[in-house]
Structure formats: structure tokens, C-alpha cells
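Okay, here's the structure, questions in a sec.
Each chain carries a letter (A, B, C and D) given by its place in the written order, and its residues are counted from 1.
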Amino acid sequence: AGKTVGFSQIGSESGWRAAETTVTKQQAEERGVTLKFADAQQKQENQIKALRGFIAQGVDAIFLAPVVATGWDSVLEEAQDAEIPVILLDRKVDADPSLYMTAVTSDTVYEGEVAGNWLKDKMAGKDCRIVELQGTTGSSPAIDRKKGFEKAIADASNLEIVRSQTGDFTRAQGKVVMESFLKAEGAENICALYAHNDDMAVGAIQAIKEAGAKPGEDILVVAIDAVPDMHLAIANGEANATVELTPNMAGPAFDILDAYWKDGTMPEKWVQTESKLYTQDDDNNAIYEMKKSLGY
Amino acid sequence: MMGGTLRRIAPQLIILGVVILLNFIVFPGFFSIEFQNGRLFGNIIDVLNRGAPVALLATGMTLVIATKGIDLSVGAVMAIAGAVAASVVTAGGGWFLALLAALAAGLACGSWNGILVAVFRVQPIVATLVLMVAGRGIGQLITEGKIMTFNDPGLIHLGAGTILGLPTPVYIWVIMGGLITYVVRRTALGMLIESIGINETSSRLAGINSRVLLVAVYLVTGFCAALAGVVVAADIKGADANNAGLWMELDAILAVVIGGNSLLGGRFSIIASLLGALIIQSVNSVILLSGMPPEFNLVIKALLIIVILFIQSPAVQHAIYLFRASTPPHAPNENGAKNNQTAKESLS
Amino acid sequence: MMKSPRLPLYMTMATFVLAYMLCIWEFPSMFSSRVVANLLTDNAFLGITAVGMTFVILTGGIDLSVGSVIAFTGVFLAVILRDTSIHPLVAFGMVLAITIAFGAAEGAIVHYLEMPAFIVTLAGMFLMRGLAYVLSTDSVPITHEFYDVLQSIYWKAPGGGRFRLIGGVMLLVFIGAMIVLHRTKFGKNVYALGGGVQTAQLMGVPIARTTILIYATSGGLAGLAGIVYSLYTSAGYSLSTVGVELDAIAAVVIGGTLLSGGTGFVAGTFFGILIMGLIQTYIVFDGTLSSWWTKIVIGVLLFTFIMLQKVLAWATTARRKPATEFAMRS
Amino acid sequence: MSTTPEPVLQATGVSKFFPGAIALDDVSLSLYPGEVHALLGENGAGKSTLIKCLTGAYKRDAGTILLDGKEIDPRDPQGSLALGIGTVYQEVNLLSNMTVAENLFLGWQPMRHGMINNREMVKRSKEVLSGFGLDIDPSQLLSSYSIAIQQVVAIARAVELAGKVLILDEPTASLDREEIDLLFSVVRKLTERGLAVVFITHFLDQVFEISDRATILRNGRIVGTRELANATQTEIVTMMLGRQLEEAKKERGKAVIGETILELKNYGRRGTIEPFDMILHKGEVIGLAGLLGSGRSETAGVIFGSTPADQGTATLNGEAIKIDSPRSSIHLGFGLCPEDRKTDGIVGDLSVRENIILSLQARRGWTRPISRAKAEKIAEDYVKKLDIRLASLDMPIRLLSGGNQQKALLARWLATEPDILILDEPTRGIDVGAHAEIIELIQTLREQGMALIVASSELEELITYSSRIVVLRDRRQVKELQGDEISIGAIVRSIAEEGGAQL
């Protein structure tokens, strides 16, 4: 009781990220932990500053949602020196595993694979020309989700990515880039869209509709994150599938901390969250209602 | 008068033509326009439509820059305006009310900037930096960090609708740009704005109310930014305060400069800035249509911009002028006016 | 009596001291060697960048490309050290040569093509970031033992603060810049350019050389900042340090340098950096701000500092007697 | 005098074209060591352009320049400085953001151990400036000194840098007699050392006082070069103007002085000007006289509201008024033509036409634009009336010659048809012909019932049109002269009088 945990969040660049923040704060409150929250506005240097600030304050533990995998060694060492356990949320880092307690993340490559496998099964050998909306160029989810998807469809010669451009993870860019895909390829020549996140997919769905095609039927839509608006789109038949990335990374992390504080139990080095696939077979309306209040 | 305007915007027109030609080269179907689904459908339409936010921002930014100022907060103001509009419609207000509220928010932001610059004499880039940082926070505060989705058809029409087959945003920026040009050129405002941009002390001593003018200019920019914010939000049926207008202030400034307006204030042309916005959008279009991997987006954009600016630079323009009019030999060259800045100081 | 040109500098210093005391009053643990050491270490790359930015702004220019140059430098170093067996020191030399040349090219364009610095360096910003992407979109870790050596150089002060090498590098850069600006002809030419290019030219200042040198300096210091950043994170990443140019500009301006050029001090920039660092430290110590409140509070604090400076300056000048000491002898 | 047969500087066939204007057409000039060579001509004749071509500030379009018999091609002022040509350009061209010492020594700072020796620099600045009778703190910012002091600093810098040739473009425009005397004694010392001095001015008295020869330019062409020892003023003026100057000097008007228009009581501003009383009548001219920095410009600024008064009362036509900004005073019918035309007057990139109608437009408000045709007409009127030389009304005013800029500014204020017109050094940089015209203009305006306040360092001019003269010292009014009391002697005496009769 009376513990203080510092949480260095990347920023608030997407609805999913906002939800992760909300859930983390809720979890802390439920458990009576004081949460020191620091928003880094997408900058690693700010996260390092935040971590150093937490160490200087002498918090009991640190949650870190790292903006990038590299570059954490020295600050993690300092935390270790100060005997403050660090738990990574949502993304992993490149540092020596002994420097942090554990990582609660999903497998982003695997997420892409799930999406790719769904499409492969769905097409069942039929030819399909795919357009891909990438995340922010250089960001690790974009790289991993592309890799995973490509891995899944590598053995399916009927599936081909014909265009791939970045939509910056945003709804607006998703729409703009999809518009250009539709013009450059022609709506009738695109069979599926794979978007690295749901926001871009939602934007792209509008572009498809404005082009006079039917998203979800003429052009299949598969994306990742499972944010409420995507469930709604699936429920409306405008999208086909999404892979969930849970915003609740903090719950397991707090469980681990509780166990550690109680009797010193050390956790596994990697706690993988589930990458659940949602399709039109699920009750997406119900899920939408449930998720709506989570701060997405 | 007409001829003067045409001569002024000739370089922009030529560059726009060249960039569009480039589009045609990478994608031969660039010029095809179809009518389907009640709307015109084609890449040219896209350029006009997608150019709307930057064109709107550039309209206001031109005036601010003419006064020797700059407004970095326009992107953040877009976020605020979108958030305000979205929250009004989701709370049950009609689209018109939402639009009014958003525009009012834009005007409020503009007056904040204007007062900082004109009354407290804070340097424009810093004064507007404050709102650039805080404004997006305010936008997110309104949406609580989510994408605030809405379904009001009236509001959506402003961003994604069409009138007579043409996307609504095209009308909005054309009318807005035209209106402001008209007001500024049919009244004395244009000259007075240019005057304070060139020499504020002299202007004040000549009886010009520079304070009010400065505030007014930032108000207009806030208004334009709010309009752009509403268009962008309406386009995706949601206010994304995190990303709406992110870094768009740079594109707006770029549009103004490509429009041949000096960042050091003074003479300005809104029409040229609007062409600048279209040039930028055409460059984006080349990048998207080329099908190159996204890693190369920025390099391509940078190189195209460098080429465009190179062609427009006073030195090269001058060389072209010399090349065409070979008499008298070294006509208007003076070592003195090396830098743009230098042109500001009198040489006698 | 205070001399008016230095007034903004003193104001910035006073503002920092005042603000730090207020912070300590609210969070006593902010008075620790850790916080001081962190201020220096965490802001080292920003400080070095801001020195270059001060030079550029003093001439009335601006350099928006620095953030991208830092990112490019990091990626370049990481890729070189990963793919070749070149020693880091050699790689440092190479990257400095590249960034200096890049800056010089920007300066040459600004001068010879008579294009505004804002736009030239904006294009430079796109270009350098783009080149970083082309080198690698992935973040590339740096694992050379020489990096470990450099990183292990620090002085652990009582109270746990670690004063690292890179903080020292920043201090050296500041001191060097002060000497250059105030004690060399080049430094005076920088101020002269800021006072008016035309006038400076008529007074015989070598405009072309100074302009090119200035942007080369800024580019080179951004390159050095990139090296420092790569030491700071042991990696190169093409998406890092986005928007650093605005932080640097803000620090320079908070430090009392006028964007219109000609007036300002490097020392002011140093305190500008500390003030910006203090704002962030304060927010982390507070720890209750949501993402959006963080932004709003940073904006408000920025605003407060600017206003505080204005008020202090105004109060001091209002009390100053009109300068009557000078008169014509006849 | 041309004691040495070899010219130190010889320019042959120099030409310079501007769009729409041929500023210099085949101009040649020889300078001999030890001579003071005056360069004369009307406003816009090309004098400043010629020296800029000599120093490389402008790229000349044709011509060769020999220094000590060797061809030189200065590409920029830096090059000519290195060759020993020191120059004072027409407007003060120093850096207001730097200290006086830094301005003096920019580019040739005293060094020690590879670093600038600031202490030495300040010390030597003091020495140099005291040679010009200036006892100021050189470590202060240049901008904290008046334009006249800045002018002296600029001269001092050029003198220090001149190894072979010194060029002075209207250096005396804002100087008083004392400073001019000091300048001339410095110039004489330099010529004794064998330097050649080029001297540009519109004051013919000064030309005859100091110069050995004069070259006259008209419309960018050489009219001729004269030994001044055997030339007369009339001859020179005729060469400049291409016609005879009518001696139309009117008697100082005992003109009808009308009713009181403006009354100031205990009017002043702390730290700027001591409180003073002033009554201004329609149809009269009050002259403000005093030494450099005595507060003439300050008085003008306080009355006009550009530096608003913080004490005292003002009554206009019997009604109490408050003047807190130029805007309010312009609406009340005031006008002020400022002294420093470069920073306070012209709006450089606007056209001449726009500059002329600027104040009128500001007063009408933005909603009532002056139509182009009307603006054209107003501007053309004044261009004709004041004989402003320009290629077109659409050219940016900064491209006009200094004197023509001054005339355009006068036009700006005349166009507003003010009731009270304040002129601060109205004839600064104006040529002989136009000078007479402007004096005449002031007389005419007065006769039409306008009230004027004129600040000028040219006492001779001041006493021709002033009905009263207020003498200032140390930013305080010390004496008022009226009617027959007015004479140059009386003014000089009251300026000099220690603690003289209080007003």
C-alpha cells in the first residue's frame, strides 16, 4: 500500500494510446497505487528525462512504454542502481534483459501474421491484389506488422501487395492515401486492404465508399488494434477483420508488481498479451458498447 | 491591373504546370475525370480537394507574413476547431451551430495571438509557438484524446460532400481566398498591411493603426485555420485532435513562399499563395502516384521543393531576365542587394 | 548600473533561479545532485544544437534542419558502425564533415540564391530526415566498445547524480561559443550581419563567407549534437529528435535573443535550455498531468516565462534614468 | 591642389544603368593626393551612385578605376576598404545593435593573443572620438545616441580606415556648425598627409570653404570640373541646375498672424523634454533652434504624440485635447515630417505613389480607399510641385535618391492638408534649387493660414521663415526670440549663454 509507480507514456498520438493511458490510470486507482504519469509527446529524449526524473524522486517502480527499441541501456542501469524495477509495456527494448523486470507486450510481428493468415484463408487460393496502408515510416509497429503480414502471405502466390504507402497511422492520411490507391489501381482491381491500424482503415473505408465501391464486400478490409470504431465498421459490414491489441497492459504489470512486492516473486521475462482476431462472426455491436468507455 | 497580376503569378503557374506534367508522366491517367456516384472523380479533383486545408491556411498566413509575422499555431487551431465542432454536434447542436462555434474558437485563438504580438510585442514566432504547443492540448482536452466520431450529415458535407459534383472543400477555399483577396484589394487594407510589414515605425508615424491591423490579421488567420480544421474533421467524420493539422503550419508557410511572397513582410499576393498550396498538393500527388516506397517520400519532396525554390529564387529569376533581355548588359544588378533582407534597407 | 544590452540575459538568469526555487519549495526532492546532473545530461544535445541556433538567429536567420541533421547523424553512425569496422572516432570525423558541408551548402544557397533561410532549411529538414529513412527505417543499436568507454566516463556526485561526459561537452561548446562570439572578428561579424546585411556589407563585413560559416557552424554543431545523442541513446533512429528545432529556437528566444537578429547572448541560451529542462522536470515530478494537460501546461509555462521576462525588463528600464551622461563638447 | 601630377584615384567612363533610369553615363573623375574634391549636383544627379560604383557597393556597368595607376576592381565595399578607401555613405550606415566602439572597429579590432582586446578597443575609441569633439561612452549601444552623433561616429570610422582616399557623402547634413568645423579641421589634417577627399554636399558655402576642386554632375553626366579658387557660386549653381537660380528670397513675412490654434501648458515628458509652454497661431512659423541633442526632435515628437507627453495640457482651437499617438494627432489635423527618413519616414518597398498618399489613406480609414486614379493625381501634383525626380510613380521609394525621398515625404504630409505641420529638418539632403523652393513653400503655407513648427540646424534658413524662434538646450526651452530680436547672432548667443534667461 502507498506505493508510487512512475509511468512514462509515449504520447497520445492515437485513440488506442489514449485508451492504454486511461486503463493504466484506472488499474492504478483500483489498486490504491499512486501513478506518476509523464507524457513524452513521441520523443525518446523526453522519456529518458521522465525516467531520470522518476529515479530522482525515488518511485517504487517504473512502467515504460518505449517509443523505440534502442537507446535505453544507460538509463535502465541507473534505475537498477537505484533498485527500482522497470516493467516495459506494449513494446520491447533492445537492452540486456537483466536491466528490466519484464515486458508486457503483444507480439507485433505476430499481429501482422494473424491478419495475413485471415486474408489467406478468406481468399482460399483466389487471386487477390492487396493494397497496404503502412504506419508511420520507421516506427517499430509499422515495420513489424508489415513483416508479419508479408510472412503470412509469402507462401500464397495468389496474394500480392500491389501498392504500399504510409498513412502515418492517422484516419485522415488513411483516407487520402486510399483515394490515390483507388485512382492509381482502379477500385475494381483492388481486392483487399491491409492497414497497420484501425484508424487508417476507418479513413480508407470512407474513401472506398466515396469511390462508389463497397468496403467489406468489393474490397475486403483487415486491420489491427480492434478499436471501437472498427468494431462498429465490422458490425456494419464495412470492414472484415481486426486483430486486437489490448490496451490493458498495466493490469498484468500491476499483478506482477504485487507478487514481487509480496514475496519477491520474479516474473517471466516476457508476458505476451493475446492477439485476438475479431471478424464479422463476432458480436461487434456488443464489443463496441463495451469498449466505448475505455477512453479509445 | 489584370496583366500585372498575371505577370506576378506567372512563375507559380509555370511551376504548377510542370509539376502536373510530372504527375501525368508517373501516372498517365492523371487527367481522366469521371462522373460517378454523384461526384466528379479524378486526380485533378483530388488535388483541388486535398489542397483545401493548406490553401485555407495559406490564405491567412499570407497576410500574417505580409506583416513580417508568422503563425505557427494554425495546425493546433485546426485541432481545436475540429474538436469544438465535433463536440457541439455530438452534444446535439446542429451543424451550423457547430460551424459557428468552431469559427468562434478560431477567432479566439487568433485574437490571443494577435494581442500577444500587437500589444505585448512578443515576437510572432514565439507568441504563436505558445499556442502551437498548448493548442493541441486544448483540442485533446475537448476530445479527451480520442477521435471524436460524429454522424451529422450537415457537418460531414462540409468536408466530404459535393456540390454540383465538386467536393465542398473546393468551394470553401476558393470562396474564402477570393473573398479575402477582394476585401484586401478593394479596400486600403492591403496597402496598409504591406506598409506595416515593411516599416512599422514609419507606418505608425504616418497614422496607421498598426496594432489593430496586426490583431485583425491574426484573427483572419485563426478564422481560416478554424475553417480548415472543420473541413479536415468533417472529411473523416471525426475530430482527431492528436493529428489534425499536425505540421501543417510548415506546409502553409511553404505555400506562401512558393507563392513568391517574402518572409520578411511587405508585398503579398494571396492568389500566388493559393497556387503555392496547389503546387504542394501536386507534389504530394506525385509522391503517392509514383508508387515509390514511403522511405523515399521525404527525399522526393525535399528535392522537388529545392528545385521549385531554385527556379524561383531572385538570383535565378534575374539570370533568366538577363538572358531574355540582353540589353542593357548588366541591367538591374547591384552587388548591394545580395540578400533578400538587404532589399529592405534603403540604398541612397 | 546595468547596461541595457545585457538586460535580457540577466532577466533569463533571474527567471531560472526564481523558478528553480519555486520548484524546490513545492518538491524538496528537486534540490538534488541528480536533478542538476540530469538537467545537464538530458539536455546536452539540445544545448549544443541551441548554440548553433543562437549563431544563426543572431545573424537574423533560422535553421530548421537541425533536428533532422541529428537524426541523420545518429543513423549514419549506427549504420557505419554496424556495417563496417571503422573506428567511431573516424566515423565522428566523417559525419562532422558531412554535416558541416551540408550546413555550408545551406548557407551558400541562402546567400548566393538569395532565398530565405526559413525555406532553405525547411527543405534541408525534409532532405536530411529523408536520407535518414533511406539509410535505415529501423532503429539501429550501436554496440561498439568505444561507446561503452565514453559512456562510462562520469562523475558520480554525492546524492547519486551522474555528471556524464556529454554534459561536459555541452559546457565546453557553450564556453567556446562565448569566446568565439565575443572575442573574435567572426563573432562580431555575426552580430554585424544581424544588425543589417546591407549595412554590414557597406562596412566591409565579408557577407558570403560569414553566412556560409554560420550555417556550417550550425550544421556542424547539429552533427556534434547528433554524436552526443547517439552516445546518449547508443542508437541511431530516423524518427528521433522530431521538432527539436522548435525546442532549440524556443530556448534561444527564452534566453533573450531576438529572432530579428543582432541582439542576444549564448549564455542566455544556456539558461533558456535550463528553463526548458526545468519545465519538463517539474511536470515529471508533478506526475498528475494527463497527456493534454502536459501540453497545455508547457504552453502556459512558456507563456509565463516570456511574460515574466517582459515584465522584469519593463520594470527595470522604467526605473532607469534617461541616459544623460553623454553630451557634445563644444 | 594638384601638386602631384599622378592622380591617386582615377575613374574613367563609369556607367550605371537601373531599370528605367541611367544613373551614370560615362562619368570620369580624377582625384589627386592632398585635394578635397567636391561632387555636386541636384538630387538624383547620381552622386551617391558614383561613389557606390567607386567603392564596389554597386557593380558598375562600364568603366575602369585606377588606384595609384594600377587598375582595381572592387567587387564589394570590403575590397575598397582593404585598398584604403574609407567611405561615409549618405544615410548613416552603422549597426545600431552594436556598441559605438564595436562599430568604429568592426573588421579591424585590436587583437591580443588572437582575441579581440575589448578594453583597448574602448580606450582607442574614446581617443578617436574626442578628436571629433565627442565625449561619449563608446561601450554604449550606438542606438542610444542621436542620429547626429551616429553620423560623427560614421565619419570617425571612415577617417580611421581611409589610407588613401576618404569619401564623404553628405556628412554634414545633420551636423551643427561646431561639428562641421571640427570635421573640416580633421579633413585638412588628412589632406596635409596626402589623402584625397571626396566631399558631397548641398551646402555651397561649405564647398567653397574646404574644397579645392568641384566636379558637377547633372542627370548622370559630367557637366564639368572647376578649380574653386577661380569660380563663383552662381557659376557652380548654374552648372548644377542647367539654368540660373532666381533670387526669389522673400522678406521674412510680417504676415498676418491669425488666431491661436494650439496652446500647450506645462507640456512635457519625463526623461525626454522638460515641461514647456507654447502658443501657436494660425499663419505663423515657430522655429526650434539648438545644438545637437538639445531636444528639438524631442519637442516635435512630444507635440505630435509619437512620444506622447505625460504631463501638461493641450488645447486646440479652444478645446482641450489629448494626444496620445500619431494617429490621434493626425485626426486632429497635425502632421510631422520626421528627421530620420530612413527609419521613421519612408516605407521602402511601397511605391512612391503609395508613400505619398499613405497618411491621407490612414486618416480616411481602410474602408475608404483612395482610388488609383486619385492617388495618381495627388502624387503627380506633388511630384511636379516639389520637382521629385523619378522614373515612375510605381517605383519603390527606396530606389529614389536621398533628397528625392525627403521631398516625397514632404508631399505625404502636405497631401493631408494639415492645420499644424511640424517639420524636423525639412531640407536635410535637399539640393540648392529645391531648397529655395521648400523655403518658399513654407512661406506660402503660412500665408494660407497653416501653422508650422520647424526644427532645423540651418539657422540661416530658420530665420527666413520663422516668426518666432524657440531656443533649446539640454532638452529644455531656454529662450524665445520674436520679431526683430531674431538674428543668427541672437540665437547663437542664447544657445551659448550659460544658464541663460529662463523662458
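The definition used in the following text is that a contact is a pair of C-beta atoms (placed from the backbone, for glycine too) under 8 Å apart; a residue touches a chain by one contact, two chains touch by 3 or more.
These figures come from a predicted structure and were not determined experimentally.
Traced through touching neighbours, the fewest hops from chain B to chain C number 1.
For chain pairs A-B and B-D, the one joined by more C-beta pairs in contact is B-D.
Chain centres here are Cα means. That of chain A falls 34 Å from that of chain B. Each chain gets one centre point, the mean of its Cα atoms, and the points for chain A and chain D are 71 Å apart. Each chain gets a centre from the mean of its Cα atoms; for chain B and chain D, those two points are 43 Å apart.
Centre-to-centre, using mean CA coordinates, chain A is 34 Å away from chain C. Among the residues of chain D, those in touch with two or more other chains are 57, 76.
Each of residues 133, 137, 196, 198-199, 201, 207, 290-292, 294-295 in chain C touches at least two other chains. In chain A, the positions touching at least two other chains are 12, 18, 21, 137. Inter-chain contacts occur between A-B, A-C, B-C, B-D, C-D. Of all the residues in chain A, the ones that touch chain C in their complex are 6, 9, 11-12, 18, 21, 35-39, 41-46, 48-50, 52-58, 68-74, 78, 81-82, 94, 136-140, 143.
Listing the residues of chain B that touch chain C in their complex gives 72, 120-123, 125-127, 129-141, 144-145, 250, 253-254, 257, 262-264, 295-303, 305-306, 309-310, 313-316, 336-342, 344-345, 347. In the complex of the two chains, the chain B residues touching chain D come out as 186-189, 191-192, 194-195, 198-199, 201-209, 266-267, 328-336, 343-348. Those residues of chain D lying in contact with chain C across their complex are 57, 76-78, 81-82, 87, 89, 93-99, 102-103, 106-107, 109, 114-116, 118, 133-137, 139-141, 144-145, 149, 157, 161, 178-179, 271-272, 291-293, 474.
Note for the complex: chain A touches chain B at residues 12-15, 17-18, 21, 134, 137, 163-166, 168, 170-173, 175-177, 179-180, 183-184, 199, 202-203, 206, 210-212, 229, 295-296.
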